[in-house]
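Take this structure first; my questions come after.
By letter and in written order, the chains are A, B, C and D; residue numbering begins at 1 in each of them.
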Amino acid sequence: MLRVGIIGGTGYTGGELLRLLTMHPMAEVTVVTSRGQKGKPVDSVHPGLKNLIDLTFEDVDPAEIAKKCDVAFTAVPHGAAMTIVPGLLKEGLRVIDLSADYRLPVAKFEEVYKKKHADPREAVYGLPELHPEVKDATLVGNPGCYPTGANLACAPLVAKGIVSRIVVDSKSGISGAGQDPTATTHFPFVTQNVRPYNMTTHRHASEIAQEQQRLSPGVKVHFTPHVVPSTRGILSTAHLFVDEPITQAEVQAIYEEFYQDKPFVRLQTPSFANIRGSNFCDIAFEAEQGSDRVVVVSAIDNMVKGASGQAIQNMNLMYGFDERTGLWTSGLFP
Amino acid sequence: MLRVGIIGGTGYTGGELLRLLTMHPMAEVTVVTSRGQKGKPVDSVHPGLKNLIDLTFEDVDPAEIAKKCDVAFTAVPHGAAMTIVPGLLKEGLRVIDLSADYRLPVAKFEEVYKKKHADPREAVYGLPELHPEVKDATLVGNPGCYPTGANLACAPLVAKGIVSRIVVDSKSGISGAGQDPTATTHFPFVTQNVRPYNMTTHRHASEIAQEQQRLSPGVKVHFTPHVVPSTRGILSTAHLFVDEPITQAEVQAIYEEFYQDKPFVRLQTPSFANIRGSNFCDIAFEAEQGSDRVVVVSAIDNMVKGASGQAIQNMNLMYGFDERTGLWTSGLFP
Amino acid sequence: MLRVGIIGGTGYTGGELLRLLTMHPMAEVTVVTSRGQKGKPVDSVHPGLKNLIDLTFEDVDPAEIAKKCDVAFTAVPHGAAMTIVPGLLKEGLRVIDLSADYRLPVAKFEEVYKKKHADPREAVYGLPELHPEVKDATLVGNPGCYPTGANLACAPLVAKGIVSRIVVDSKSGISGAGQDPTATTHFPFVTQNVRPYNMTTHRHASEIAQEQQRLSPGVKVHFTPHVVPSTRGILSTAHLFVDEPITQAEVQAIYEEFYQDKPFVRLQTPSFANIRGSNFCDIAFEAEQGSDRVVVVSAIDNMVKGASGQAIQNMNLMYGFDERTGLWTSGLFP
Amino acid sequence: MLRVGIIGGTGYTGGELLRLLTMHPMAEVTVVTSRGQKGKPVDSVHPGLKNLIDLTFEDVDPAEIAKKCDVAFTAVPHGAAMTIVPGLLKEGLRVIDLSADYRLPVAKFEEVYKKKHADPREAVYGLPELHPEVKDATLVGNPGCYPTGANLACAPLVAKGIVSRIVVDSKSGISGAGQDPTATTHFPFVTQNVRPYNMTTHRHASEIAQEQQRLSPGVKVHFTPHVVPSTRGILSTAHLFVDEPITQAEVQAIYEEFYQDKPFVRLQTPSFANIRGSNFCDIAFEAEQGSDRVVVVSAIDNMVKGASGQAIQNMNLMYGFDERTGLWTSGLFP
């Protein structure tokens, strides 16, 4: 059994790692850390796990963690991961970081997050459908939730070099805001409501641009996120503008080929109903008649394919398991 | 008192007219028709109106209606209005039609709705912020829900002649689908779900193109609608691409001037929380730095400003009332 | 015009008073106070009211308030009202208090709220259907949200002296918890969730017992509240146990007679869909065949009939207006 | 591998069996039937299962099913099961029936469901916490959703013989109404709404009475169900009236002993947040001070412990597996 440590186990992302790993036949969680809840049972914070887990929160001590774990997931805030990851790597652990700290080149990170990087270091961008080199990684920067869905939607067509401009308009459930209650996560405000935020300035735009411009250097990337009254799920509507006309059949062929051996990407109508709680990314597209626009829409569960599930998929690849191991489950519907 | 008839009073739009008109001090509903519910009390279909209304559904008989009414709202399906409106006009009534039948030039209508028009006739497009001629209209084609929010969002900047392309990405509550239950309005499917539909082919695109191209002939218009898990509300995110750079302050000045004497348009962060149940259209915008994109977002209640409230606003203007009469109420929040 | 002051205008209850009073033809809000937001525009806290109100928050100064107001609503926390109300009364204002401070006899208040009362004083319990003496009141203790629906459900049958035991099982929307975000108002927790709280110890039980035992001294009263994933609305299911068999027709006759001239009580299937945003209380009942149980269910909007609407209904009665004035509107549906 | 047939695989219950069985390491679905969808891929009806299942719907042919299956789940409507089950049993299959057809003694069934029983036959009531004889059953009548939560809540105290009356007030998600869209499952009606139905006449009352009166013959049982705006989940609030005073500590001891070796029953605050998508039943209780009432509340997922999960738990016991097999997962939260 692969022994797994979860560094920062009280938040939504940590809780989701625990939920998913209870179903994993080859991995076992042996350490869960929390500075604030040290000594308390893990199920006191995650009552849904009662009877399923029998651990208490520990302090973050890399040497102790290394005795009990082979791999660590760091599920701590941006800026905190960079202070913890070096110690874990030094102790010989492989690390999958779910924060933003290792997703961007250092200069870009410092520009976007307006913070000096404490641990400039190479990492693999953990979007396995686009980065097969994940399997050899020691340190993985697990992608942001918006970039996961947006990049999977755009990549096949952009990789053809025929797209000049991308407008990604995303609709996210509120769980992306985390578990701390605020005025904008208050039920009476969120329910029955839709609203945009950071209309032209969201930090995830840089991860989308990085990946798409890697595939096609000159492509212009625009991104606008919204919050919708759902807990989970991100629907990303990518409006792609192509240099010359393309037919629906041609688009279909491009996407089928690109994702032919990617089990978690399915070409079917995106709807949170089909992906809730699962690691799938469902994608559909429509070439607008008489126009230069192709609309590509993807749906993911931001907590799973957009965070903890993708982290486990990366773990599977890093340790030579089938990438589906422990993740091969249906969405929860109804 | 202005005497009002509601032709087709069993659906959501008819019910909303009744709800709003109970608050109108200058108008009184004297006739409500329904072929299917003829003879039944109106509050048997709309139990929220119990004690507030004491009418029974009548059959549609233009001569009888004309005896009791000065103005009629036709809240019947597309294609049905064109068979009823001529009779009402002939009897001397002024008519505000909430279907699609009188919104587009006949040739465009027949192309988009794939149906021969039974009553080709001039009508005023009832978006009063852009069509002051509503006040003299005998027949008003009340706009579609998506076009109302989208057109108000785009008009000020497009009217400047500097926009080359518009991508409208809209998020609508499910009440737009009406009151007949279907697989796609079933609670377990809609809740916690977001999904696109008619990604490049929605019929309302033609109303947006018509209005924007009237303001700036060459502008390209793209439209993609989505359903979100809300009952009411449409948030339209318009991504506008401008020919030359424009600053946030310039955009601000353009919108303030354009809407300076339009009481129902407010320049503030769009959120269904602020407009639910009211006739307001809230608009905000952001000029993307270092880019040719301006994002303009509007929020309306699709049942009010997107349908029945706007119809009453048109009625107010047609009869010389202050346009706010009976509509000057706050959104329902929380 | 009656001049109205709202003491404590930043919360949900104060906001709802403002929303409802914009529709009142005989009353005008002239003062809105807030210690924390003093000097700021009222619509900065309540953006739904933008364009509808042009006041700024003032400090609480009874002498100043008395110059501008005839009547004051105190919408401040329990315990705070008792420090403000005496000053307002002394200045000659009539006061409708929406806190719990004047609902119970002083000894009962101190036992239930575990707090010494700073202003022991007579007040009228402002449930106008049961307390017609409201019309002469100088100080009204506006009822709690749960007691309003529960007492209206039980009163007719209990007043007959044939009920020995009442079990009230209530289901409330989350707006009753107010506008401060907490772990139990966080959208991801509230949505798709139902949970009980204070299963046998909720403080509102004392208001239900007080009213029912006034009607029938020996009746036993039990109360258990729950939170459901709705913003507004309280459905109270009262299981009444009667001393001898009673038929459905007899129950029907009792309720019809009891509420025959009470415009806000309607005998029809309770459902939040019919009362959302309105001052109605809808009631239905079923006498269980072959049993001593009668189930009576009521639905109210906790923000309207359960708080601010009822307060305005009380104001109407105190000033000789028809009690429906400004409140005679339908629920918001869909 | 145990070979499993699902008879009636297009509805919510059949879909949930498929979802759960994809996670079962000892069982494999080999047949899924549907008369209406015969020949179509299973994932065309359940798109969430795309890539996870590669079966097509078959017709119901017991002899064919018996060739491919060891056990069958019948997930067909009430009244239909009794026409299919005899054939399956005759072919030597063991059967777990999820309809109401085999839950009650024949005379009771015919009285409650107002229908002649076509296949009077012994079956085991499949609530394994109360019926350990499930392990030897050939035919299991899987309990109704409401009775599962209600019976688990009441059993420990009722089994002590000290309860004279039970009032069960239940709050159910709408998925219990199935997947056919109707006016009462329409999103605009269900959202933000709570309503009672069949206030004194719900058919599940008989299953609650049967089980509780088996434990304590004279106990009176009352039941009232409600629909709440959630998809999944049933919260049952049982108000138990005891013959003599009992303390909180005594109740605690009774429940701990009763459920000490029942892994799916957890004694903690009920909340759908902790059980959504899982087979757990969470229970809490409070003995009212100075009263003869004990409030016991249980929460289950009506699709899992209330239907398909419990059916699999029964299957596990029938085939000698640990009852947790394939079901030992956490609820989906957030």
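Please note the rule applied: a residue touches a chain if its C-beta (ideal position, glycine included) is under 8 Å from a C-beta of that chain, and two chains touch if they have at least 3 such contacts.
Everything quoted here is computed from the prediction, not taken from an experiment.
Asks: Counting only C-alpha atoms to place each centre, which chain is farthest from chain A?
Replies: C
Asks: For the interfaces B-D and C-D, which has the higher count of C-beta pairs in contact?
Replies: Here the pair linked by more C-beta pairs in contact is C-D.
Asks: Taking the mean of the CA coordinates per chain, how far is chain C from chain D in Å?
Replies: Distance between chain centres, rounded to whole Å: 39 Å.
Asks: Report the inter-chain centroid distance for chain A and chain D in whole angstrom, where each centroid is the mean of the CA atoms.
Replies: Taking the average C-alpha coordinate of chain A and of chain D, the gap between them is 35 Å.
Asks: Provide the C-alpha centroid distance between chain B and chain D, rounded to the nearest whole angstrom.
Replies: Chain B and chain D have C-alpha centres separated by 46 Å.
Asks: Show the residues in chain A shared as contacts by 2 or more other chains, in ascending order.
Replies: Within chain A, residues 12, 175, 179, 188, 191-192, 229, 231-232, 269, 271, 273, 276, 333-334 contact more than one other chain.
Asks: Write out the stretch or stretches of chain A touching chain B in their complex.
Replies: 167, 169, 171, 173, 188-189, 192-196, 199-201, 220, 222, 224, 226, 228-233, 235, 237, 239, 269-273, 276, 284, 286-289, 291, 293, 295, 297, 299, 333-334
Asks: Quick one: in the complex, what on chain A touches chain C?
Replies: 12, 174-175, 179, 181-183, 185-188, 190-192, 229, 231
Asks: In their complex, what parts of chain D are in touch with chain A?
Replies: Answer in residue numbers: 12, 15, 18-19, 22-23, 25, 46-52, 175, 179, 191-192, 231-232, 263, 266, 268-269, 271, 273-278, 280, 303, 328-334.
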